[in-house]
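What follows is a set of structures to go through.
Consider the two complexes below, in which subunit A is the common component and subunit B and subunit C are the respective partners.
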Partner chain A sequence: MNKAIKSDNKQKVVIVPCSGIGKTYGTVSREAAYEVVENVRPGQTHLVALSLLVLGDEKSRESVSQYPSVTIDGCKLACATKMVEESGGTVAKDFAVLDVYRNHRKLKPKGIAELNEAGIKLAQVLAEEVAEVVDRLDFDAQPKQSTEGCNNG
Partner chain B sequence: MVDLPKKKVGIVACSGEELPEGTVTRLAALKVLEQLRPADTVTICLPLFLAGGEGDRAFAKFYPTIAVDGCELRCAALATEKYSNKPAASIVVSDLVQEKGIGSPSGLRKLDQAGQEAVEATAERMAFLVDELLGKRWSRQEGEFTGTEDATEVQIENEAACACVTGIPIQKVSIEGQEVTLIGLPLIFQQFQEDSKSPSDATKKELLETVKIYNPVPIGAEDTYAEIILHEYAIFCNGKEPVT
Partner chain C sequence: MTEYLETTVDKFIFRVAKDCFYNSEGVWARLEGDRVKIGLSDFVQQRSGDVAFAEVKPKGKSVNFDEEIAVIETIKVDISFSSPLAGTIVEVNPAMDEAPEVINEDPYGEGWLAVIEPDDWEFDRQRLFDAPQYFSRMKQEAEEEVAEGNE
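Entry: the complex of A and B
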């Protein structure tokens, strides 16, 4: 599969969080996504709502098909990842909140409407991990030094 | 096909992460599900209509559903209709705040005062609609209302007398020495048999979940209930020819 993903200097990585309302991990995924687009990497990322992808909103589909996406799922059903793929997008990295929690057991999230302190901290840790991926994607998108001729024989 | 009485209303919130009104839908839905009408409501994540299975897509046909949208795009209402079934009712937060004279909500992560008022208003409207929908007869086969009935007929408690009055099939089972009446159990068994589901461990959890829609199952007794119900289902299946 060779999708033409935009890779210019203005590249924006699409962040797609889970939209679950019934579990704390869904809330962590959203909090992490907001943290990335508002605080950690505001210039390089933008958020696409899952509901718009479900509806088939043209603008949102265009976003995920043109730019690489980082998905953050709250449960194993992985709706965010599946919906980006379903919408013709490329998932550069799919995060699962549970996996991040497994690596940071002390940060046990609680609360759905409002996260506890550990949950907010977990979201921040997750946001940093997302930021690393965003930076890597951004780096890959920079114009390359002219070494391409080597492959042309 | 069997037609089980409906005790619950489905809530589908758009949850739009890019708009404060989306946050309002999420928090309002949560308030109804957890505080205002916990016994009468269930929810599903909107994306599951596409990312999930056939069971998820049956949601709005099985439950009369309220779609709660943040804006005029009405993702929840339209996607529910497209992939599952027409919602029984619909709320658009941007319309509701205008109707109520509440200011535009702001704050994606933390709603301002107007946002919090919008949550209250949306949750109240939702609870009102839940009560209204529970008072109507819902056909799971058709995925639509088939007439009206008294709300008390639908909201049957675990009393056999109520079931007799409304003609709802019940079955009494013995659980840890206690006789327990399970409403709709024969119909649930019939439904499972028609769907060619054998009495196995794989079916056990699904049976319990279906039973729980119509019956209270005490916390901590789920495993016991599941075992007994599966046992009863095995007896039911052995006594009848599977539907082909």
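Entry: the complex of A and C
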């Protein structure tokens, strides 16, 4: 049995955002992660702080090695993605805020501690994209119903 | 093959292509045949951050020396850049529309901005910095910025 499937058959996908402080795109990545974990897919996801992975926190390392991760990087250094991989985890999908912004140019994020309206909207758009990945991972993890033998009486 | 002058400032390594001339904003110009290719220096791209969008004036447009030729939007800032020479734009790098991150990945190569047919390259060239001159300016600027950041 897949160890990533809990007793409720819900796979917990780990969300790891950027930890860049003082950077607008880092803030967007964290806002998107909170949106996914708290509002959009609260039952199927949980957050792991990049800083804990850097510190080698056992519980965090265990999470990323046990469950698939979706990383949200604030810049092309891709610290979140690299750190999950270095911690023995599997990155199911890596998002970069910049790539999402390129597809939604009207949503230009500004602000650091507090995002502007466009930045908040961009985080929500990004959260929806992450949610689609979470759903796909969840679907793939469900035990498949066998149809063999259905017509054999 | 392009050779570089290189310096390390704090944790950053900056390269200056020896075969280019530079304006004060760090726009490089390299003579290729009878045309001049332009782009952004390694220092400029590192200081500006990941490029989100790059808009270069279109093919066929004439530009004067020091006239705006491109606007770059990065994760940190929006910056306007001036042309290091007068002439007519004969080619714009198609990657600027599709994948402007090439400016960050390969500033002196695949990340070029445009090719210009010069009005008078010999004249404009003398208004630019050669590689060693730009290298000194860039190094000083980088060291000052690092010092300010550490204050």
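Criterion: the second predicted complex is superposed on the first by the 138 of 153 C-alpha atoms of A that agree within 3 Å, B and C clash if a C-alpha of one lies under 4 Å from a C-alpha of the other, contacts with A are read in each partner's own complex, and residues count from 1 in each chain.
Keep this in mind: a residue touches a chain if its C-beta (ideal position, glycine included) is under 8 Å from a C-beta of that chain, and two chains touch if they have at least 3 such contacts.
All figures in this text were calculated on a predicted structure; none of them were measured in a lab.
Trainee: Who does A:Tyr101 touch here: subunit B (first), subunit C (second), both, or neither?
Mentor: In the superposed model, A:Tyr101 contacts subunit C only, not subunit B.
Trainee: Tell me which partner A:Lys82 touches in the superposition: subunit B (first), subunit C (second), both or neither.
Mentor: Once the two structures are laid over each other on A, A:Lys82 reaches subunit B alone.
Trainee: By residue count, is subunit A touched more by subunit B or by subunit C?
Mentor: Of subunit B and subunit C, more residues of subunit A lie in contact with B.
Trainee: Is A:Ile112 in contact with subunit B, with subunit C, with both, or with neither (first, second, both, neither)?
Mentor: first
Trainee: Touch check for A:Ile21: first (subunit B), second (subunit C), both, or neither?
Mentor: After superposition on chain A, A:Ile21 lies in contact with subunit B alone.
Trainee: Once chain A of both complexes is superposed, is A:Tyr34 in touch with subunit B (first), subunit C (second), both, or neither?
Mentor: first
Trainee: Report, in rising order, the residues of subunit A that make contact with subunit B in one complex and with subunit C in the other.
Mentor: Correct list for subunit A: none, the interfaces share no residue.
Trainee: Once bound in the complex, which stretches of subunit C touch subunit A?
Mentor: For subunit C paired with subunit A, touching residues are 49-50, 52-53, 75, 101, 104.
Trainee: Give every residue of subunit B touching subunit A within the complex, in rising order.
Mentor: Counting only subunit B, the residues touching subunit A are 13-19, 22, 26-27, 29-31, 33, 43, 45-52, 73, 75-76, 78-79, 82-83, 108-109.
Trainee: So in the complex, which bits of subunit A are touching subunit C?
Mentor: Contact set of subunit A toward subunit C: 23-25, 74-76, 97-98, 101-102, 105.
Trainee: With touch defined as at the start, can you tell me which subunit A residues reach subunit B in the complex?
Mentor: It comes out as residues 17-22, 26, 30-31, 33-34, 38, 47-55, 57, 77-80, 82-83, 86, 112-113.
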